[in-house]
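Same chain, two partners: subunit A is paired with subunit B first, then with subunit C.
And now, the complex of A and B:
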């Protein structure tokens, strides 16, 4: 293998065979209990690796590595008026994550793969954003009360997950980074002065004040920091992807080549829990057809991997 | 999307494809301190520590070449795509268009990259377009584009954290990515930035620790050490600078560029297999 490559190189004949008939080549490898995916190299590579707090520009940050797929997630916080935010959320009928004060975006820039072009987010990026947002909203692990600042203000979190290298299992690596970044969140201590009053009769969604003096919230002069437990302590939201071939063989945490196998079904299992919350399956998404026994097996393996992630890269 | 589209100052560009906040908020870093107390004095370092570059290649799987550079706290990732089919343009001469490859550079800061208060917008702004243009003008002369006729090379640059000296680090990272992609170059291009804080008279070398990123003037110099040629220079100043001031800044940049050139060259040599490395040194 070349230095710096995390996958073994194929011989010329094997590469030609893989190019001509990728499904047959993959079946031949699986018959001999071989996988080329970097996530299959060891049990720890299947769980992934997380580096929290590595980006100084964000209040909470993490970089996740899952095989050759890498995500960087940064969380920044802003203060909004509670009355204006609540009225706007009710009126818009927005996503529950937005209503809770978390604005999440997953980006797949051209730097991570040739498949993505400069410009507005691709369909894959928008679908990834929806998947991750839905998983977080349905998980029950988010504690929106931690974002309250005083009686009239609230923190609003901007969670930006940027893909650095795309090679399959994108929701897996993305949620790993998002969970670690939210757990890593560290903000300056905020105080609400006693004389900061507002006339509620004039507040509403049409009143938007961006001047710092009108917000009424201040930073603690001692520079004290605090860590809001936006994700309940010890909990996380994890995605585990599987590729089912011929309703028989199951490949966990597949890479891009295995996900693109013709005739294979992709099963994504979203699990949540940890700490005081029991680990449970939040949702299962399938592309293609898979037998119910196979889906059940996916759920069981996903729960096991969730526990391994909590004990490994997401251990606090 | 990185094209030079005129955008009125009075029109806020809309982003219809991403989740946006329901209500505009104020970044917690921009909030004033309680009790009308003055802001604490910035803990600048009395002596700037000599920062080292940290290089890494082949981080991105689905590209021809990629590079990652850390300089202090500044982190930049670059990837190269191509050669691919060129873009047709009715404005360029057909013969010139086909005789050499086109180099297209995209430069973007991640939303969480800035150490200043506030997020970076997903839509590219004037600063990023200017940086992309500088990278393109600096790197194009160093590449053997005539060896790849009728083709196009794309260079994508993503800044993960901007703690100062961001553009120079991007030049170094882009050079590493182009070498990793196997493109022929006349020489390695390395860069350094000096800035002059408000009220100061001397130029200071920017290091990626965020200590002097708010200077009133800055000069970024890109240099090819073996050829002893300047590949590019970018001067950003609120007031016009005298020629002797600019030349003084360039002289200060020259030594860091040479040191970075040596570090980058040694890193690339260390990446070679042992047999090739011995032949190269011999």
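And now, the complex of A and C:
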């Protein structure tokens, strides 16, 4: 089936019943252990679908589709000059992701859902930005050394994730797009002026030195490109959301309606790893309460889904 | 130096991307890409991809209603930071260029949507752009999304941007040609009626008539091309219904 359009099919009677008494319909579905979400259609739809490198204007880009939730992520880079005093002060006070040189912003524009109005970023958007930034910072998969350009300069990455369609499991789709976009990054090689006492060995992989001392950092005239491995090769940071009903049923990768079910607890498990790094659970965030064995089950299933994502949509 | 500019744009009768002066870029549309919106359309216009969704008609807010209790059309135009091919600019919420574009789209639609059928209601149109381009692509995407939503319109609103170079009109300018400062005209029309025309860079009065004629023909072509995509979508939907 096409990854772009997924809408579960109901018979006419069932659709009428759903329209008239949606709460009862949902309870009846759960009692029979059925799910209506687009992500429940097949195991591959639960893992998602990623299209890397689709946006020409960005250095690295990806669009992720998870059921009816779609995110577009674009990464662009700029060169920042470091001053010794500034670095120390900045590293002390700011978010660890910012200290590593990655500025992340998740945007939920009005086009993705009726719930979002134009204006300053909504609470959901701000919470999503914080969740995704924390997951990336704590993952241990980011390699900040790849971003150094010479002794005094550094690349700063701007990662913008824009939601195109919101239907539950927002951090899942967002992190899928961000991991794929960071893996897809392709930047022009840079030329740094060589000054006296400058040592070539610690200039970082993005640099060639030149003898001209009065020119700033600029692109290599041959126009060659390089791919910084900001996320360690083969690794990714992935979130898996679950909805726990009555301490009994577990719905993985819920859609908007399932997340809003009354009496349900949402568990979001952030996992990181792959390639040379072991897959581990970075954090677990919950809304509501659930029994500890359910949370344990969530973590185990999240680790399995992480492996499936690395083998499937994020495979390179 | 104007001579070198003209050879940059048009060399041996071919433009920067190899097109002849009267050729359009690739135009492709998909309707109904977002099931939870009332109408949606994804338009590919050359290198740009635009996504437009329509919500409504719905209850209008009391503050928006005019004394005639007419339908209110609100367009929200948003361009993500990675959309521009040349640079990344962090566009704030109150970006005037985006508001102006949204207002121009609203005015163009005001002439084509049958507002008297939707009294006291509000149709909200949200446009999100990627790989930046111009106003005409946005108008095309919005009219497709309105068609998908089933909003009553007088006809297919199509828009195109034409420019003038070396005494020859160029159809469907791309972003390189637009930023070069050619005299350009963005026209949106329904059949023979022109609903929106805006000029970019200085246009000589003698160049206006041939450009307008060229633009109306180009709009008819665009409407034809997009109409085929709409028909294909409707046929696919009908076949699905009859098979089910």
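Just so we're on the same page, the second predicted complex is superposed on the first by the 264 of 316 C-alpha atoms of A that agree within 3 Å, B and C clash if a C-alpha of one lies under 4 Å from a C-alpha of the other, contacts with A are read in each partner's own complex, and residues count from 1 in each chain.
Criterion: a contact is a pair of C-beta atoms (placed from the backbone, for glycine too) under 8 Å apart; a residue touches a chain by one contact, two chains touch by 3 or more.
Owing to the predicted nature of the structure, the values given are computational and were not obtained by experimental measurement.
Asks: Overlaying the two complexes on subunit A, which is it for subunit B and subunit C: clash or fit?
Replies: clash
Asks: Thinking of the overlay built on chain A, is A:120 touched by subunit B (first), by subunit C (second), by both, or by neither?
Replies: The answer is both, since A:120 touches subunit B and subunit C.
Asks: Answer with first, second, both or neither: which of subunit B and subunit C does A:219 touch in the superposed model?
Replies: A:219: touches subunit B, not subunit C.
Asks: Touching A:243, do we find subunit B (first), subunit C (second), both, or neither?
Replies: Touch partners of A:243: none, neither subunit B nor subunit C.
Asks: Now for A:129: first (subunit B), second (subunit C), both, or neither, which partner does it touch?
Replies: A:129: touches subunit B, not subunit C.
Asks: Which chain, subunit B or subunit C, ends up touching more residues of subunit A in the combined arrangement?
Replies: The partner with more contacted residues on subunit A is B.
Asks: Kindly classify A:66 by the partners it touches after superposition: subunit B alone (first), subunit C alone (second), both, or neither?
Replies: Touch partners of A:66: none, neither subunit B nor subunit C.
Asks: One more residue to check, A:56. First (subunit B), second (subunit C), both or neither?
Replies: In the superposition, A:56 contacts both subunit B and subunit C.
Asks: Taking the superposition on A as described, I'd like to know which of subunit B and subunit C A:170 touches: first, second, both or neither.
Replies: A:170 contacts neither subunit B nor subunit C.
Asks: For subunit A, what residues appear in both contact lists, the one with subunit B and the one with subunit C?
Replies: 4-5, 55-58, 61, 68, 72, 74-76, 78, 107, 109-111, 113-114, 118-120, 158, 160, 162, 164-165, 167
Asks: In their complex, what parts of subunit A are in touch with subunit B?
Replies: Listed in rising order, the residues of subunit A that touch subunit B are 3-5, 55-59, 61, 68-70, 72, 74-81, 84-85, 88-89, 92, 94-95, 98-99, 103-105, 107, 109-115, 118-121, 126, 129, 133, 155-156, 158, 160, 162, 164-167, 187-188, 190-191, 193, 205, 208, 210, 212-213, 215, 217-221, 223, 256.
Asks: Where on subunit A is subunit C touching in the complex?
Replies: Residues of subunit A touching subunit C: 4-5, 7, 55-58, 61, 68, 72, 74-76, 78, 107, 109-111, 113-114, 118-120, 158, 160, 162, 164-165, 167.
Asks: Give every residue of subunit C touching subunit A within the complex, in rising order.
Replies: 30, 32-37, 47, 51-53, 55, 76, 78, 80-86, 88, 93, 124, 126-128, 130-132
Asks: Applying the document's contact rule, which stretches of subunit B touch subunit A when the two form their complex?
Replies: 1-2, 15-35, 37, 40, 57-63, 66, 73, 75, 77-79, 81, 106, 108, 110-115, 119, 122, 154, 156-158, 160-163, 210, 271, 273
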